[in-house]
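Next come two complexes built around chain A: one with chain B, the other with chain C.
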Partner chain A sequence: MRIPKPNPIWFFLSPALFLIIVFYVVPLFFSIYISFTPLQNWNLARYLDQISLENYERLFYMAMNDPDVTKVVKTTIVFVTITLIFNVLGGLILALSMFFMDESLSLPYRLIWILPRMTPIAVYSLIWYYFFLGDESGTLNSLLLRLGVIEKPLAWGNSPELLPESAWAIIILVNGLVGVSFGMVVFYSALRSLPREHVIAARVEGASAFQMTRYVLVPQLKWHIIYVTVWQLLSLITTYAHIFLLVQWGAIDKWWGSPWALYVFNTAFTTSDQGFAAAAAVILVVIGGILGILVLRLMGFKKLMQEPKGEL
Partner chain B sequence: MASSILSRMFRRKAKPKVEQLRDVETIKRRRLNAVIGIAVGLATLPLVALYLLLALSSFADRIVTGPDIIEAEYSTTNWKLLFQGKLEPAAGRLYDLRELIMIIVNTFIVALGVTVAVVLISVMAGYAFSRMKFRGRVGLMEFIILLHAFPGVALIIAVYAIYVWSLGAVPKDVLTEYRFLYTILARASLEIPMSIWLMKGFFDRIPWEVEWSAMVDGASRIRVWRQIVLPQIKPGIAAISIFAFLAGWEDLIYVHVFLYTGGIKTLATFLEEVIGNIETTYLPIAAAAGTLYLIPTIVFFVLTQKLLLEAMSGGVKA
Partner chain C sequence: MVEVRLERVSKRFGRVVAVNNVNLQFPDGKFSALLGPSGSGKSTILYLIAGIYKPTLGKILFGDRDVTELPPKDRNVGLVFQNYALYPHMTVYDNIAFPLRLKKIDENAINDKVNNVSKLLRIQDLLERYPHQLSGGQQQRVALARALVKEPEVLLLDEPLSNLDALLRLTIRAEIKRLQQKLEITAIHVTHDQAEAMSMADYIAVIDRGSVQQVGSPWEVYNKPRNLFVATFMGSPPSNVLPGRIVRENGIWIDVGGSMVKPPERMVELLRESELDDVIVAFRPEHASIVKEPEEGYISIPAEVFVTEPLGRESIVTAMVGGSSVKVLMPPEAEFKPGESVYIQIQPDKLMLFDPITELNIEVARPGKS
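Up next is the complex of A and B:
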């Protein structure tokens, strides 16, 4: 009798499963648990056995009544909505332009447009910090002063007479330029994989670039547009890294410049109210879960999974 | 990059005369190509300008903003001050050269660590999903894709709480190593769902027959994977490595939360501190620090253009 060999599946899967359990599954349940405790200053031993609904009650009350938290709620709604439109439309326009160009010409352009996504976040923040700097050495102030549009430098991110719109404009621009490349890449590769006959037929019929876009290309991108919209919605709701330093450095107003996700992060790590922050984070987790499942349905996941090749 | 765009935009016009006997259709297309090329160029220009102004400012006596490029005076003073640890010419040293080098090394440790972890784990799991039949295969893959869409950063409070809890059990003399390890694994786990999916795709494209015959001859699954399959997916491994490296290199939040709190700096948190400490007049020194941090990213961009774009579109197509 031969002794059965140990199953190699465990060898191949265990490292991935380990990370997924430690960094996704356990934290997911732990987040929910923490949100019911008054955890402060990361003092796990002291607070973790006091369970109550207090954080959620406080959160609900503050979102309605606290002047600062209501600013965060408004900022989140405006920021997510406008950046989403900017990202999807911008990505579509870029992808179409790249599609009408020769591929060799579009390559450097596509690279430049994914640069903001790949730039170290601290450097990207620094670039915008310079741009919106409140004295005359800031790029925007310096240009507008030279052109005679303004007479004295303006503090773009936090001067009271410009808030809240100016702070909103800054966070939308900063995140929009990062997000736009996602739509560009998805739409571009979708356009490239359309049957060439459609495009050639339209050309032969004498369709202009605009007509072709309107009647041939965009209708075929319908599902991709929905997919990109949901995906971007998901990531915009949970994004904060690119704004974090701008708020930290005082370039934008702390409240009018903070979407919900950044508020969660700062409540947990700058002030020290982790139980409350966890409750605020659970809302993100729930929205993230729902939208994530929606993305999965849109992708038509089941069709993508083929049968494994390698079974003897 | 700008000159290559220009040469590509107008290259066709320089071709020999015979080619001018083209039909109306292609002439129209060429004009469209140039018009759109220039329009996108104009839209792209401000973005490129922002990066160029940062790099220029690092050599200038002020933050250059456009028209004042000509007026500014250029030298390597900012870079010298940066490496001497002085954030203002008259001020004392805040750090020495050795510390700055350690900060750069730390940044590399995190980026390379993330690369190794992501590549190793996704190469293993991707193979299992591509080649093996096991219960819950489709369900597990679906769950992993869901994690890719799921915002891992929303869990950071609990991930940090686990970190705080685990620190108590770590012996003092390996504390620094543990901090790095935890940061690397936490950051890598954000990249892993997508990498596994991409790797599975790379394995799917490789024919199964060679492996099969080796296994019939008695080689074990693991040996076949290592000696026959891995060499065939080198381009895939390269693409995933580039992505993972850049992700580890650009990171701010994870090094801020897990390393900076333990007193370990990387270029991201260094830059965060520099801006906090510096007076507006000496911002060009911060520009030098930012440029230093940006260089590896730009080098990767120039060297791996096509691979980077392909990996990116492969990743989002999934």
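Up next is the complex of A and C:
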């Protein structure tokens, strides 16, 4: 009698699968469950059997009527959209400029742009905290005062006459400078792996650097652009670490500087309303999922995922 | 069409000298080959002509026009690569039209030109396809069409046949040659394959270590190699090389692996003048034969058979002379056993002698003539 051979797929998948189930799938379903309960103060024993849609109703009502939550919604849309464009386009421009650059120049250049990502979050945020500090000791204020552009120091992230644009500009800049290096690295390595004959041929055929970029290089980066866009979109929707510190230290307005992810975090961990926070988080995941799929559809992801050549 | 001339051109990459003081002329409307092993600098020379590299020293001229400082797009050259370098995201039509679109030519004129060149290369039926839907030979035809569509003055070919399989290579080889003759374009073909260079080119420039070793017609380069490198690079199998010592007693003799050889009459005077002590004896595999007993009128060297390789049309017999191996082409019916004692019999008029220090052919490269 032959013992049936176990499928090797499970052998290879099991370590990753175990981690994913324990740390992603279980918490995910648990969060969804919590979002239907009025859980407060992590009192799991008391609230978990009261199932209702109340959190979602409240959330929807607040997003429409609560002025603070409305600010969060607007901030999220502006922050994600502009930072995403900044990251993808900026990464592409940086990668292209490095591609046309001499190797001896491009290495230090690359290093400078990766620095924000290498710097610990708290240190990096602190630099920006002091840069935008509201009194005359802030870097930006002291610079502009010295140059005579302004007469008295401005509270860049808080001053009512500058909000909301100034707070948005700060969080977009702080996150954008971290995120832009991701696209840069992906695009640059993709450009470097193109056959160099393509570049030589285009030059011989008379293409300027712009024409080469437009007609030869960027079209061949299509899949990389899709990948970076989706990846950055999903991570921007859920990012809050730098912004959390800047808000916490008072560098930016609490509401005009809070994207949805930070709002979820603050609701869950600084107030006692975990059921409500879970509902907010579920909404975020659903919107993230929909947007991700939408982008993949728009950009033709199906063509990327081809049938494997040969059998697995 | 135009003649291409390199005057004292050198190219350094950091401390590496890739091209060293090269003087070359590629005649107008002719097919020239740059032949050399990999790393010899032949592709660098091609890229210098295309303008991808700027020479460190020297001048490059197209006819009377000094193009040394011109960017590639102002030189009007067509370039074809070993890996075709077609743009994968464009159809065949768009690939061919690309150089014309860059010039912002009217779309109707582009259409005419693309159709004409496609007819010339017989790829009219492939215009709607993408490069990955084509075979290697078709891709190379498209690459040729893209290079030719803007009617360049010079066609540069960088190992265009090396990625093709052996049979296809013969077909495309003939096609490129036919095309070049029809268009009467100045073509420069880089290759490491001496058979390819011999069969296609009107002129061959043999390149090694960044320097020109010899320039001449295929016949000259094959039969009158200027130095040892050319002799041992050309031919398949290449020339045989044996070390010899000159003995000046009772006239002039050459000691090859212990046996005394009388050099042909035309070389005696040259050897007497040269004051050489050693000499390198060379001959081509097809200019010798293997016999059991030496015959009159030939140069005979005793040898021992090592192995026989039958190739159908002929056999290659490897024999040992002293410590060196010698390959001789024999008719397919020739049979020799390993270890058999035989004589290698060389046609005296085909014997070549090289100076072991300068490696120059003592007949071709006289002092003052290069």
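Definition applied: the second predicted complex is superposed on the first by the 266 of 312 C-alpha atoms of A that agree within 3 Å, B and C clash if a C-alpha of one lies under 4 Å from a C-alpha of the other, contacts with A are read in each partner's own complex, and residues count from 1 in each chain.
Basically, a contact is a pair of C-beta atoms (placed from the backbone, for glycine too) under 8 Å apart; a residue touches a chain by one contact, two chains touch by 3 or more.
On a predicted model such as this, the values are computed, not experimentally measured, just so you know.
K.L.:
Between chain B and chain C, whom does A:Met64 touch in the aligned arrangement: first, second, both, or neither?
P.N.:
Neither partner.
K.L.:
Touch test for A:Ala207: chain B only (first), chain C only (second), both, or neither?
P.N.:
Once the two structures are laid over each other on A, A:Ala207 reaches chain C alone.
K.L.:
Does the superposition put A:Val216 against chain B (first), chain C (second), both, or neither?
P.N.:
second
K.L.:
Please name the chain, chain B or chain C, that touches the greater number of residues in chain A.
P.N.:
B
K.L.:
Check whether A:Pro195 is in contact with chain B, with chain C, with both or with neither, and answer first, second, both or neither.
P.N.:
Second partner only, chain C.
K.L.:
When the two structures are overlaid on chain A, which partner does A:Ser235 contact: first (chain B), second (chain C), both, or neither?
P.N.:
first
K.L.:
Of the two partner chains, chain B (first) and chain C (second), which one does A:Phe182 touch, if any: first, second, both, or neither?
P.N.:
It touches chain B, and chain C stays clear.
K.L.:
Following superposition on chain A, which residues of chain A contact chain B and also contact chain C?
P.N.:
Dual-contact residues (chain A): 203.
K.L.:
Which of the residues in chain A come into contact with chain C in the complex?
P.N.:
Spelled out, the residues of chain A in touch with chain C are 195, 197-198, 200-207, 211, 215-216, 219-220, 222.
K.L.:
Given the complex with chain B, which residues does chain A contribute to the contact?
P.N.:
5, 8-9, 11-13, 15-16, 19-20, 22-24, 26-28, 30-31, 34, 39, 42, 44, 94, 97-98, 100-102, 104-105, 107-116, 118-123, 125-127, 129-131, 133, 135, 137-139, 142-143, 146, 177, 182, 185-186, 188-189, 203, 209, 231, 234-235, 237-241, 244-245, 248-249, 261, 264-265, 268-269, 274, 277-278, 281, 284-285, 288-289, 291-293, 295-296, 299, 301-302, 304-312
K.L.:
Okay, in this complex, where on chain B does chain A touch?
P.N.:
The contact residues of chain B facing chain A are 1, 4-5, 8-9, 25, 32-33, 36-37, 39-41, 44, 47-48, 50-51, 53-54, 57, 62-63, 65-68, 117, 120-122, 124-125, 127-134, 137-138, 141-142, 144-147, 149-162, 164-165, 185-186, 188-189, 192, 196, 204, 208, 211-212, 215-216, 220-222, 225, 246, 249-253, 257, 267-269, 271-272, 275-276, 280, 283, 286-287, 290, 293-294, 297, 300-301, 305-306, 308-309, 312-313, 316-318.
K.L.:
Please output the residues of chain C touching chain A within their complex, sorted ascending.
P.N.:
47, 50-52, 71-73, 77-79, 81, 83, 85, 87-90, 98-99, 102-103, 146, 150
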